Amino acid sequence: MKKMKKLLAILLAASMVMMTGCSGKQADTPAPQPEEQTGQEAPDAKQGETEAPEAGNSMAGSKTDADTIKIGIVVKQAGAPYFDYAAGGAKKAAADLNAEIVSYTGPTSEDVNQEITFIEDLITQKVDAILVSTADSTAIIPTINKAMDAGIAVFTFDIDAPDSNRLFCITAGNAEESGTAIGESLAKAVDGAGQVALLTGGLGSDTLNRRLAAIEEVLADYPDIEIVATEACDDDFEKCVSQVENLMQTYPELKAVAGVSTVNPPAAAMAIKSAKKDGQVISLGIALPSQITEYVDSGIIPEAILWDPGVMGYDAVAAACDYLRNGELPTDGKDYGEYGGKIVVESGDSVAYIPSIVFTKDNVHDFEF
Amino acid sequence: MKNSGTKNVRKETGGLLDTLIRIPEITIVLFIVIVSVFIGIQSESFFTTDNFVNISKQIAVNGILSIGMMLVIIAKGVDLSIGSVLALLCAVTGTLVEQNAPIWVAFPAILALGAFFGLLNGILVVKLKVAPIIVTLGTMNIYRGIAQVYSGGKWTSNLPDTYIMWGQGLMPICLLIIVAILFAVIMKYTSFGRHVYAIGSNEESARLAGIRVDRTKKIIFTCSGLLIGFATMVFIGRTGVIQPSAGTGYEMDAIGAAVLGGVSFAGGKGTVLGTVLGAVLMGLIMNGMTLLKISANYQGMITGLIIVLALLLDTFRNVYQGRRARA
Amino acid sequence: MTKPRQFWKGTFAKYNYQFVLLLFLAVWFVVMGIVNHSFLSMNNIATVVTRLSEIAIIAMGMTIVVIAGGFDLSVGTIMAMVPCIVGLAYGQGVPFAVCLAFGFLAAMAVGLLNGVLIAKAGFQPIIGTLATMTALRSLIYVITKGKPISSFPENYMQLAHGKLLGIPIPILLMLAFAVFFSWIMSHTKFGRFVYATGGNIKAADIAGIHTAGLTIKVYVLSAILSALAGILYSSRLISASPDAGANTSFDCVTAVLLGGTSIAGGKGNIQGTVLGIIILNFIINGFNLIGINAYWQMIFKGCVLLAAIGYDSRRKPGFKMVKQKTA
Amino acid sequence: MATPLLQLVNIRKEFPGVLALDKVNLDIQEGEVLALVGENGAGKSTLIKILAGALSGYEGEILWKGEPFRANQTWEVQQAGISTIYQELTSCPELSVAENIFLGREPKKKGGIIDWKRMNDMAAEVLDTLHMHINPAARVSSLTVANQQLIEIARALTMEAKLIIMDEPTSSLSEHEVKTLCEIVKKLREQGISVLYISHKFEEIFELSDRISVLRDGKYIGTRDTKDASLDEILAMMVGRSVDMHFVARSTKKEEVVLKVDNLTSKGFFEDISFELHRGEILGISGLVGAGRTEMARGIFGVDRVDSGSMVIYGEERRIPMSPGEALKLGIGFLPEDRKEQGLVLMMSIGENVSLPSLAKNKKNFVISFGKEKEDVEDYIQRLSIKTPSLNQLAQNLSGGNQQKVVIAKWLASKSKILIFDEPTRGIDIGAKAEIYDLMNELVAQDYSIIMISSELPEVMGMSDRIMIMHEGKQVALLDRDAASPEEIMGYATGAM
């Protein structure tokens, strides 16, 4: 054993030496990037990247209208209704714009490593564009840059990877913004005072944690609101129901629960309904309208927030086609047609926003997703 | 000259402690009492009717699943596919709801289908002559894949009340109790039950004793599947939504409950009572975490610690019992 | 002339199981190469082999654990933990070598705990490592507060992205480890004792082998290899994610079993596992290239596992895998 | 002659590479005890497994009561009226005595519910006929090996079978239990039940059987009426040559004490064991099964911890080994009673098995030197004349006798000079037995010292220099071979003296 450990150590040391040896030749030109939430980690993470984003320019306008543009979509979790709707929108755009969705994939459970596998295989397939919704904005960076280097137009959608070389992001708002929206909606719902609890999916999910932090930041302005607990259900619906039951048991004065994963609001509403506490406790957060209609109707969920994932998918494909054919990146007020609608781009930023939608009794039945 | 019998006979007298320590479920009962008292002292909400109803609902799904898992483990196997079968049954229920199937059609249909998927596992185990852990590792992937492909990942909401009622109020715990009593009787008072123990204890001996080992194994997996059917109905009733991605990791919860309850991977050992108590302990831990206001980040550590402590206590019990047996 | 059946029984059955795996891989390469032109490109093969090298390194440790009659569910969690510790410490200004030492020491401590719970306290391997896995994941959330860590030295990424003699370093590392551990398992006392312990722990004990110590060493080794894979992983992503490795243990076990290692212990080898990993990853890669989604891939993976293991067990008449280790 | 109850016609069974049975013919009349003898590997066990339905895929025909009968499943065979007592223990340790007896045939109330009370009562009844006084509700794992064997017999008796196959039913029974069994067999014969009796013990065979059939190398050799047959004739038929089974007298040198044990105690198993072992001596240890002999051996070898006692080896005070590794370092070797469970790693090769203890003992040399290993192992294979095509042969493919030699080779290769043999000839055939005896004689001649635990009186008396007798965990006598008589040993062993 001892000898084995020694050998291991030697091998490890050897590989370390090798990598320091190789490290001299790296180019170090960090590209201008939107400064959204980059901590001091960001420069570190970017250090090793060898190519500036300009390399992507050769792609711009390389296609004509007659060329069918091949697009691959990689999402956080394949088979999740949210992403299926997004893919639906993307396919619609593809049909409208002479593009082909060669592949819509993602891991069977949130896993950035598998996402990377899918992106790498799309690079091998030599698609024209890749649309990514990442499970981990940091870990995905080297892979996105690799795709850009390979001459593939990479757009992020839904969840951005701002420190990568990706061309543009199409989203309804980054995690901070959607979190802030939930926080404000929550503060309004409880009239600025009372006990509330937060719910999340996985504790290790980057997006969800940032949303949570944003909610907490908003609520910090309301001294009378007390966040009594934050529970994580690992995106297990039944576990979430149990946790909300336990929360209501522990905190009889609880006024609201807010969820940052789409599983949370309907699960919380179910728990409230089966405990017959409708009227006392409310549930809100990020949710798909089709999953919450009955609870919105019955008032357990007074409002929920989301955006149309289909529109997001549509606009992402449209933006990619536009870039490859005309060399244009999205600009403020760009109109992607009847379904795609207009987007908002703040000046100097590389993020395009589609509108968020607040679902209430009045409109919840109007949506297909 | 008389044959002086067994070591067992000699030690069958003894104090109360000795009697207690010979009951296999004693450690889990002890642990449940300790955990309950601890939570009860810290939180007033614990010893209330509402809370017990809550806990009863929360343990039902895992409780029912772990009884099936117990059957398989007693026969020296393990069923890793239960979470995937649950997902697949959810997907099928989705179709049934869309077709407006009345509950008296849907419930038996789900039970039958669950039994069928279980039987499929059993047939593969018997025909391929491969350890159950490998077969079910394979079918775990296959069933989950089919669930997603079949349903297209679509959720079904707005379920009729006839579907929801199985997860509301005292229904889950009643179902759990009925299933538990049924299987406790089966394990103790039917040939099938005893043959399960015999196969786990020594498969070759069971075969030589004339037990139809292959058939019994198929029935074991069928029972496990049937129980997943029950669990699915409770699960759907509790969540009020049909989710084809459900049940990930449920096999580990069920294994955990069974092992905490004294079921041994070495086979031939374990009881329904112990298994249900194991599920109760796991439910208590989860309930207690919230009641004691423990941050979500720390919950896993405490769960791991309690599992280790509970099993260590059982190890000590065995060592102590071994010493007493020798003395 | 030989009848087909006799050919099957006589000639074909003599072939090594791993030869059949290789044959499958060859057929897969030919079929996929025809279906999709990029499949056989050097670039694609290098990409796939690079990314499978991390999990291959973990699976080597897992192979040794399984041969020794054990099971390790905690590998994925250790893989996630080590880079988090290394990154956090480095972010605090600790010299990188010391950070690495911290990381590896922590991994070894977990391996030691696994080993002690299993070899000394008599836990079932699946449960002992399940408990450490649960606790450890929670520990990671606590120390990282759920955020990805990306404070690593500038050259760090060269480990996974660099090349030596035109070959990516991860591939070289994997090959080196594969050769090294094959040699360890076949040419050293340690390897011999691992086979003996997994084959028959009582006989190994009586032959004077310190089986408890050996079991502990095996789990520590598995933890060290997982730690190393974690370093490679974080170097590839230049980031340490607290959620990493959730599916790693099952992926590894699938590859280990596919490679012909017996879940009952005492039989198997490193080459088989590497072959298993390669097959599984090229299946995924091929399907990705022709746009078949992850759920169909799951179904196919499950079928391949069942077919392969089923073939292996039926190849040898009378061979049964009913024996399970209780360590 | 009446239609035989059971008739086997040209039974043939082939395993990959081995022809296990070739044209075997047998017939058993109603109410007859037919003894089946043959060396190990002669095909007896295969034949029994076929008869019991535990092995499918044979050629030939079985006629049961004159009708063709295909034995495919154990339960079918049992329903037809054939029950089997296997040589290897086949009880389920986690189940109770009563359950084991009625496994697969549990008495039931209406509605298929098991009638536990009736089951326990019926079990008590049959145990009584076997003179066993144990609780039917006790777990089988808490029973002694002998009692477990008796449970198997009880199971066969309750099946109301027309034919009972007994495969070495007495291999782990002590003398008086054997007597009980003999009475039972005779009673069965009076009731018209046939018995197929397989044994290596000729005393029993000649006492019980009506006819003796002999198998050799998978072939049927012949059948003799017991009353006309002589031992020599049967032996010659079995081995195809005449065997010399005489024990060699040795000149013993009693000077040097290599191992001295004092007051060795492990509560509940054995107490106050003290003895000396001399260089070049075989110390026989006799006693009933369950007298604590195996436990004592395991204690000395460090497999189980002892509570107290002291040990002197080669004149030096040593602590009693805490692990087999320590015992190995002290130069002790241990051949356990169950070679498949404890003696060998069956899925490893002969070579790997033989070198295990040597590797464990030698703390240096992390890397195995294959050349040296091969040389050593081949040397021992030759010295012990282990019959194998190569040292790469898996241990599971060897015959019992050869497996036992591999176990002995393990300890010789590790240079252990003090050897503890626990039942060294259990379950191996006469030819192999003789070879093991020769080997032991050779070893003591080379100054090895052996402690031999044995339940077979002739073996203990023939091989040992001195005989220690244990009864219920206590050492009751230590006799010189010349001074001991069989009656005396039995007297001590059963506690009568």
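Chains here go by letter, A, B, C and D, matching the order in which they are written, and residues are numbered from 1 within each.
Note that a residue touches a chain if its C-beta (ideal position, glycine included) is under 8 Å from a C-beta of that chain, and two chains touch if they have at least 3 such contacts.
Please read these numbers as outputs of a predicted model, since none were measured by experiment.
Farthest from chain B in terms of Cα centroid separation is D. Between A-B and A-C, more C-beta contact pairs are found at A-C.
Computed from the mean C-alpha positions, the centre of chain A lies at a distance of 36 Å from the centre of chain B. In this assembly, the C-alpha centroid of chain A lies 31 Å from the C-alpha centroid of chain C. Mean C-alpha positions place chain B and chain D at a centre distance of 41 Å. If you average the Cα atoms of chain C and of chain D, the two centres end up 42 Å apart. Among the residues of chain C, those touching two or more other chains are numbered 141, 145-146, 190, 295, 298.
Shared interface positions of chain B, i.e. residues touching 2 or more other chains, are given as 144, 148, 204, 267, 296-297. Shared interface positions of chain A, i.e. residues touching 2 or more other chains, are given as 78-79, 108-109, 203.
Every pair of chains meeting the touch criterion is listed here: A-B, A-C, B-C, B-D, C-D. Residues 36, 38-39, 41, 43-44, 47, 51, 91, 100, 140-141, 144-152, 154-159, 161-164, 169, 173, 176-177, 180, 184, 190, 217, 221, 224, 228, 233, 236-239, 241-244, 246-247, 284-285, 288-289, 291, 293-295, 298 of chain C touch chain A in their complex. Only residues 117, 121-124, 126-128, 130-139, 141-142, 145-146, 250, 253-254, 257, 263-264, 295-299, 301-303, 305-306, 309-310, 313-314, 319-322, 324, 326 of chain C touch chain B when the two sit together in their complex. Interface of chain B with chain A (complex): residues 43, 45, 48, 50-51, 54, 57-58, 61, 144, 148, 152-155, 157-158, 167-169, 235, 238-241, 243-246, 248-249, 286-287, 289-291, 293, 295-297.
Against chain C, the residues of chain B that register as touching in their complex are 76, 78, 124, 127-131, 133-135, 137-142, 144-146, 148-149, 203-204, 252, 255-256, 259, 264-267, 296-305, 307-308, 311-312, 315, 318.
Across the complex, chain D meets chain B through its residues 52, 54, 73-75, 77-79, 84, 86, 89-95, 99-100, 103-106, 108, 112-114, 116, 131-135, 138-139, 142-144, 147, 150, 155, 176-177, 266-269, 472, 494-496.
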